[in-house]
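Okay, so subunit A shows up in both of these, paired with subunit B first and subunit C after.
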Partner chain A sequence: MPASTHLGSQLVDLCSVLLLLCCFAIVAQRRLSACVDLFALQSAFLAATAALVAFLTGHKHIYFAAALTIVIKVIVLPRILRKVIERLNVSRELGMNINIPAGLLICGALVVIAFFITQPIIPLGYLLTRDSLAIALAIILIGFFTMIARQKAITQMVGFLVMENGVFLGATAAAYGMPLIVELGVFFDVLVAGLIVGIYTHRLQDAFDSVDTSTLTVLKE
Partner chain B sequence: MTALLTVLLACYLLGGLLPLCTTRLYLQNVFAHGCAAAAGVAGLVLGVAGLLSTAPLTLSLASNIPQLTFALRLDPLAAFFVLTISLVGLAASVYAYGYVEEFSGRVSVGLLGSLLNGFLLSMTLVVLADNGFFFLILWEVMSLLSYVLVVTEHEKPGVREAGLFYLIMTHVGTAFIILTFLIFFQETDSFSFEAFRHPDQQLPEGLRSVAFFTALIGFGAKAGIVPLHVWLPYAHPAAPSHISALMSGVMIKTAIYGLIRVYFDFMGGVFPWWWGFALLVLGTVSALLGVMYALMEHDLKSLLAFHSVENIGIILLGIGAGMIFHTYGLHELAALGLLAGLYHTINHAAFKALLFLGAGALQFATHTRHIEEYGGLLRRMPWTGAFFLVGAVSIAALPPTNGFVSEWLVFQSLFLSFQLPTLFLKLMLPIAAAMLALTGALALACFAKAFGISFLAQPRSTQARHAKEVPRSMLAGMGFLAGLCVVLGLAPMLVVPLLDRVTAPLTGAAISSQVLALDGWVVAPVTVEFSSISTPVLAMLLVGAGALGLLMARLCGKGLRARYYKTWGCGLNLTPRMEYTATGFAQPIKQVFETIYQPTVKLEQEFLEQSKYFIKHQRFESHIEPVFEKYLYQPVVALMLATADRLRIIQAGSLHLYLTYIFVTLVLLLLWAG
Partner chain C sequence: MWSMIVLLTGPVLAGFLSLVIHRARVLHVVNFSTMLALAAAETLLTRQVLAEGSVTTLGGFVYVDALSDFILVIITAVGLSCSLYMWSYMDDRVARGIIAPKRLGHFFFLFHMFLFAMVAATVANSLGVQWVALEGTTLATTFLIAFFRRRESLEAGWKYLILCSVGIALALFGVVLTYYSSVRVLGDASSALNITALIGVANQLDPNVLKLAFIFILVGYGTKVGLVPMHTWLPDAYSEAPAPIAAMLAGVLETVAVYTVLRSKALVDQALPPEFTGNLLLTFGLLSFIVATLFILIQHNYKRLFAYSSIEHMGLAMIGFGVGGMVGTFGGLFHLLNHAVAKALAFFVAGNIHRRFDTLEIDGVRGVARAQPITAVAILVAGCALVGLPPFSPFVSELLIVSAVAAQDFASDTMHVGRFVTMTISDEMRSLGIVALFLLFAVVLFGGFMFRIGAMVWGTPPAGIAQGESWTVGHVPLMIMIVALLGLGFMLPEPIQTLLTRAVNVIVVR
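Right after this comes the complex of A and B.
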C-alpha cells in the first residue's frame, strides 16, 4: 500500500496543515497576546504531530521531544512572552512594514514556492511523514517573513519561534526527528533565545521608549 | 637529545604558567625569566648537539584532526636556528630580569614574562615543526604573541596603530605562506614536510614559480624585505626593548629559515637562475634602502629597525648568490654563499639584539628614545657604552668583529661570480657587491652618528644629565651578547664547521676543510693565495698597534706632563647647543641622496620690525618622504576605504532590511537549487 494513502500518514498531514493554518493566523493577527497564544497553539499541534509520529513508528525518543515541546514551547516561552507584553504595556501592533492583506498574499506565494521546491524531493522519500516536508518549509519561510514584516521585537521573536517549529517539523518529517542530544541542544537554544529577547526588548524600551526594532537604525553612525 | 628537548619545552611551559600563579612581583620576575634563561641554556646545548649529530631527531604525535600531526624534526638547519633563538633568548631573559622594573606598576610583570616564554617557545617550535599545518599554527601563535607583546604599552600614543599595522602585514604574509603550502599539498596530498621533501612527481614549472613567489612574499613580509618592510620601524620601537631584540634578532630570522627550508629543502635546490637573481636584487635593494632610511632616523630603536631591513638584505645577498651558483652546478660556491648568509644570520642576531638591549638600557636610564636628547652618556653609563660600541662596531662590519667576517664572506661569494657561465650574471653579482660596499660605508656613518651623538660630548637634556648605569642583570645580558659578537668574529674556525653541517646536506658540498686554511686560523673561500683573512691575526695587529702607540708615547714623552682641562671653545663656555646634532650629522648624506629621500625643509622666521637681522622666533621643519608608504601603501588603503564606502550603501542599519537580505537569498537559492 503506498505511504500517502496510509491512515497514519493522512493524520500526520492533517496535523501539519493545522500548524500551517496557525502560521497564517499569526500573520493576520494584530494583537500581540493573541499572536503568542497562536504560537502556543501551534506548538501544541506540533507536539501532537510528534507524538503521532512516535506512536506510528515506535521511536520512543520522539515522545520525549514531544513532551519537551509541550513544556517549553506551550508553557514556558508563551508565559515569558506574555510577561514581557504585560510589562511593556503594548497590546497591538499598529505599524507594519507590509500590511496584512499583502502579507497574506505573500505567505500564500511562499507556500506555493515551498511545494514547488520540495516537489522533486518528496517522491524520493519512503517515510510516512514525507509529505509534511513541504509544509515544514512553508512554515519556516512564513516564520522568516513574519520577522521581516513586523516591527515589534516580540512579534519578531514569535516569528523566530515559528521558524523553529518549522525546523522541528521538517526534521520529524524527513528523518523521524533528530538525535535526542541535538533536540535537547535546540530546545536549550530556543529557551535562551527567548530569555535574551525578553531582556533585549526591555533594554530597547528603556533606550528608545519603544520596542520597535526600526528605531535601531539610529545606531548607525 | 629527546631529553634535552623535553627540558627545553618544560622550561618554557613552566615559565609561561608559573608567573601567572603568584601575585608577588619578585617571584613572577624570577619564575618567568629564570625559566626562560634555563630553557635558553637547554636550547643552546640542544642546538649544538643537533648540529653535531649525524641523523636528524624526529618526534611525532598523531592528532585526530585530518592532515595535522604534531611532528618535530631536529635537522642541522633547524638546530642552527634553535641555537640562534636560544642564544638571544638567554641574553634577553637575563636582561629582562632587571629591565621589567621599567614597566612595574603599569604592566603586569607576570603576564609580560609569561608571554615572553610563550613567544620564545613558539619561535623554537616553528623551526622544529615538521608538518605544514602544525607549522602554520605555530607561525600564527608566534605572530599573535609578538603582536600582544608589541602593544604592551598600549596606552602610549601610536603603539596600538603600530601593532595593528604589524598584525595586518603579518597576516598578509601568513596568507601567502598558506598558499605556498597548499601548492605543495596539491602535489603530495599531505601536509607533512617529509612528503614535501620527496614528492611523487615534480610540480609543473609554472606552479613551482608561483610557489617561489608566494613563499617569497609570505616570508618576506615577516623578514622585512623591501617593500614589505614598512611595519618594522613602527612595531620594533613600540615593543619593550628585550622583545624588540627578540623580534629583530630572531623572529624575522624564522622567515629566513622558511625561505631556505622551502627553496633548498622542499624544492630540492632545483630552480631556474632568475630565482636566485630575484633574491639578489631584493637583497641589494633592502640592504641599501634599509641603511639609507636608518641614517635619517633619530629614534634610536627605529634606526635599529631599519638596520634590520639592511641586514636581512645582506643575508639575502648571500643566499641569493648561493642559489645562483647552485643553479649552475657550482655546489661549493653555493655552499659558500649559503654559509655566508647563515653566518650573517647568527651574527646579526647577536649584534642587533645587543644594540636593541643597549637602546633599551638608554631608554631605561633616560626615558626617551630620541638620539638628540642623549649625549655624554659614556661617562655616566660606561658599561652600556662599551657594550653598545661593540655592537656598533660589529654592525658596521669593522674587523675583527663578527659582522666583518660574515660580510666579507658574502663579498667573496659575490666576487667569485667570474666562474658563472653567463655574462649577465658575471656583471650583475659584482654590481651587487659594489652596492653592498656602499651599504657598509653608510652603516658605518650611521653608527658613528648613533654612538657619537648618544654617548659622546655633553648631555643635551636633563634626563641625559641625570642618567645612571643600569642594573647588573641588564649589563649581564648585554655583556653576554657583546662577548658573543667578539667570539663569533675571532673564532670562525669554530663556527664554520658547524655551519658547514647545515649547508652540506642542502647544497651537496662540504667546504669547511677548504674554507679554513692553516688549521682554521685563516678563512679562505678558494685558496689562501686568492683571498684570505684571519681575524685573530687582525685582532692581534690592532692590539699590537695600540700597545705600540702606548709604548712610543711612554718612551718619547717621558718628560712631558699630562694636564687635564676642559675642551677649548674659542674662549666661550661650552654648551650642549654647540654640539653636532644627529640631523646635522646626516645632512650631507641627505643632500647626496636627495632623489631617494625627497626631503622637505621648511623654515619660518619672524623678524623684529626694526631690523631683519634680529629674529623674533623661528621654526624649522625637516622631514623625508616615506616613499613606499606614500606610493605603494596609501593607494591600496585608499582603494579599500573607497570600496568600503560603496559597500556601506547596503548597510542601512535596519534589522528588517538585513533579514530581508537573508530571506531573499534563501528563497532564491532554494529555487535555483530546486
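Right after this comes the complex of A and C.
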C-alpha cells in the first residue's frame, strides 16, 4: 500500500496509536487522579495528531482546533476534574462492575470490532489519515465501555471525554476536521458538560456522601 | 427574517433577564410575554413557509422548511401553555417553601436556555450545529430535572446527563461520517454539512458510509427520543422533573429528537433504498411499543406511567415513519403533534394531583373526581387520548399508522438475519403479523392504562385531603388542550394540513 510507505502517514498512524494506548492505560488504572492525567496525555497526543495533519495538508483551521484542544482538554478540564477529586477526597476506585483483566480483554475485542466495522468505508478516505478512522471508532467504543465498567462519577466523565476525543480524531482523520463553527460548538458543549459535572458531583456528595454511582439505586421499577 | 431573529434571540434575552429579576410576578410576565412573542413570530414564519416553500436566512445558518416549521409549531404551542401553567405551579412551590424564592430566576434562566437550544436544533441548517444544540438541551435540562434537589431527583439528573451525553457522542460520530461522505462530493467546504447543500447531492453520497452514519445517528438521537433499549433514563427523569419541565421534555424535546432522526432519514433515503432506514425505524418502534406497554402494566407511580406511555407513543410514531409512504409518514407526523398535546396535558394534570395529594404513588391517590373536579376531567381526557380512544385526535393518527402498516407493500420479501440465515416471509404475513401484534398490545395498553387512571379518579379521597378546586391561571392551558385534542380529532385546520402534507414530502423522497 503506498500510503504506509509515506512518512507523514506513518507519523499520523503512530500518534493515533498512542491515543489508543492511553485508552488501554485508563481502563487498567484504578487511581482516579492517574485516570485524569492519562486523559490529559491523550488529549495532548490528539492535539499533536491534529497539528501534524494541519502541517501535512496545509489546512490552517486544524491548527486552531489543536490549540483549542490544548487549552480545553489538556489544561482546563483536567484541572476541574482534579479539583473535584481533591475536594471529594476520593483517590481509588475499589468496586468495579468488570475487573481490570477482563476489561482489557474486552477492549482488545472492541478494537477488532472497530476495524471490522470500518473495513468497507476505509478505502474512501484520504491516504494520509484513513487508518485513523478505525482507531477513532475503537477509542469511542472503549470510552463507552469505560462508562459502563466504572462506578465513580469522575471516571464516567473521563469515559465520556475519551469518547469525545475519539470522535474528534475521527473528524480529523476522515474529513480533515469539521467546519469551524461546529468544532467551536462542540468544544463549548464539552466545556459546559465538564463544569456541570463539577457542580453535580458536589451535590451528589452532599446528598449521598459519595460519588459512587452504584449508590444511585433509589429509582427503579 | 425578523420572525427568525425573534425566535432565536427571544429566549436568550428572557433567560438572562430572568437572572436579574427577583420578583416572581415580573418573572412570570416576562416569561409569558416572551412565549407570546415566540408564538406570534412562529405564526408569521409559518405564513412565509406556506407561501415560499422554505426559508433560508441569517447568512445561510438557518433553514426552515415545512418539516422544521411544523416542529416549531409544536414547540411554541406547548411552550405557551407551559408558561401559563408554570405561573400557578411555580408560585405554589415557592409558597410551600419547596423552592427558595431566589431560585425562581435560575429556573426561568435554564428553562429559556432549554427553549433556545430546541429552537436552534430545529432551525439549524448545519447538521453539526443541530448536534451542538441538541447536546445543549441535555446540558440545560440536567439541573431542571434535579431542581428539587432531592436524592431521587439528583439520581435521575445524573443518569440523564450521562446516558444522553453518551448517546449524543455516538450521534456526533454519525455526523462525522456524514461529513466524511459529503466532503468527497462537495469538497472541503464549511457548507458540506448544510441541509441545503446535502439535499441536492445526497444521491451521490457513498451508501456504505451513510449506512454506518445512520445507525450511529439513530442510536444516538434515539437515546434522546427514548427508544427501547436506550430508554432507561427516561422514566426516572420524567418522574423527578417538575411537572412543567416533564411536560416540555415529553411533549417537545422528544419531538425535536425525532425531527433530527427524520432529517438524516430524508438524506439517507436518497442514497439507499428506503427499506434500509424504514426497517431500522420499524424494529426500534415496534420494540419500544411492546416493551413500554409491558412496563405500563407494572407501574405504581403515575408520572412513570405517563413516561412509559411516552416511550410507547414514540415507538408508534417510529412505526409510522418506518412503514413510510404518504399515509404512514403523515400519520407519524400528526401523531407527534397529538402526543405533544396529550402528554403535556397529562403531566400538567400530574402536577396538579401531586400538589394536592403530595404523593406520586397511584395507591395514595383516590377520588380525584371529588377533590379536584376540573383536574379529574382533564386526566380522563388525557387518559382516553393516550390509549387512542375516539373522538380524540391520537385515535385518528394511530388509525392512519395502522392502516399504513396493513396496506404496506414490502419491496423485498427476504429478510436477512445476520449474514447466514435468510428468512422468506410473504408480504401479507409480515404486515398482518405487525398489525396483529400492534392490536394485541393496544388492547393490553388500554386495560393497563385505564385501570390505573380509573383507580385514581373514582373513590373517596383519603382523609385530610382538601376537596373542591378553584380556577387558577394554570387551568386555562388544560381547557385549551382538551379542546385541541377534541377538535383535531374531527378536523384538521387547513394551514396545518398543508404544512403536514408538505412536511411529508420533505421526508418521503422517493
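In this text, the second predicted complex is superposed on the first by the 215 of 221 C-alpha atoms of A that agree within 3 Å, B and C clash if a C-alpha of one lies under 4 Å from a C-alpha of the other, contacts with A are read in each partner's own complex, and residues count from 1 in each chain.
FYI, a residue touches a chain if its C-beta (ideal position, glycine included) is under 8 Å from a C-beta of that chain, and two chains touch if they have at least 3 such contacts.
If you're wondering where the values come from, they're calculated on a predicted model, not measured in any experiment.
Trainee: Sharing subunit A, do subunit B and subunit C clash or fit in the superposition?
Mentor: Here the two partners, once superposed via subunit A, clash with each other.
Trainee: Should A:178 be classified as contacting the first partner (subunit B), the second (subunit C), both, or neither?
Mentor: Second partner only, subunit C.
Trainee: With both complexes overlaid on chain A, does A:54 touch subunit B (first), subunit C (second), both or neither?
Mentor: So A:54 meets neither subunit B nor subunit C here.
Trainee: Of the partners subunit B and subunit C, which touch A:170 in the superposed model: first, second, both, neither?
Mentor: In the superposed model, A:170 contacts subunit C only, not subunit B.
Trainee: Which of the two partners, first being subunit B and second being subunit C, lies in contact with A:117: first, second, both, or neither?
Mentor: both
Trainee: Tell me the contact category for A:151 with respect to subunit B and subunit C: first, second, both or neither.
Mentor: Once the two structures are laid over each other on A, A:151 reaches subunit B alone.
Trainee: Is A:97 touching the first partner subunit B, the second partner subunit C, both, or neither of them?
Mentor: Touch partner of A:97: subunit B, not subunit C.
Trainee: If we overlay the two complexes on their shared chain A, which of subunit B and subunit C does A:213 touch? Say first, second, both or neither.
Mentor: A:213 sits against subunit B and subunit C alike.
Trainee: If we overlay the two complexes on their shared chain A, which of subunit B and subunit C does A:81 touch? Say first, second, both or neither.
Mentor: Once the two structures are laid over each other on A, A:81 reaches no partner at all.
Trainee: Check whether subunit B or subunit C contacts more residues of subunit A in the superposed model.
Mentor: Touching more residues of subunit A than the other partner does is C.
Trainee: Superposing the two structures on chain A, identify the stretch of subunit B from 42-50, 114-122 or 168-176 that clashes with subunit C.
Mentor: 168-176
Trainee: So which positions on subunit A get touched by both subunit B and subunit C?
Mentor: After superposing on chain A, subunit A residues 117-118, 120-121, 137, 144, 147, 156, 213, 216-219 contact both subunit B and subunit C.
Trainee: Give every residue of subunit B touching subunit A within the complex, in rising order.
Mentor: These residues of subunit B touch subunit A: 651-656, 659-660, 662-663, 666-667, 670-671, 673-674.
Trainee: So in the complex, the part of subunit A that touches subunit B is made up of which residues?
Mentor: Those residues of subunit A that touch subunit B are 97, 110, 113, 116-121, 137, 141, 144-145, 147-148, 151, 156, 213-214, 216-220.
Trainee: Sort out for me which residues of subunit C touch subunit A in the complex.
Mentor: 126, 128-129, 131-133, 135-136, 139, 142-143, 146, 149, 151-152, 154-159, 161-162, 165-166, 169-170, 172-173, 176-177, 179-181, 183-184, 188, 190-193, 206, 208-209, 212, 235-236, 239-240, 295, 298
Trainee: Quick check on the complex: what are the subunit A residues that touch subunit C?
Mentor: Its residues touching subunit C are 59, 117-118, 120-121, 124-125, 133, 136-137, 140, 143-144, 147, 153, 156, 160, 163-164, 166-167, 170-171, 174-176, 178-182, 185-186, 188-189, 192-193, 196-197, 200, 203-204, 207-208, 213, 216-219, 221.
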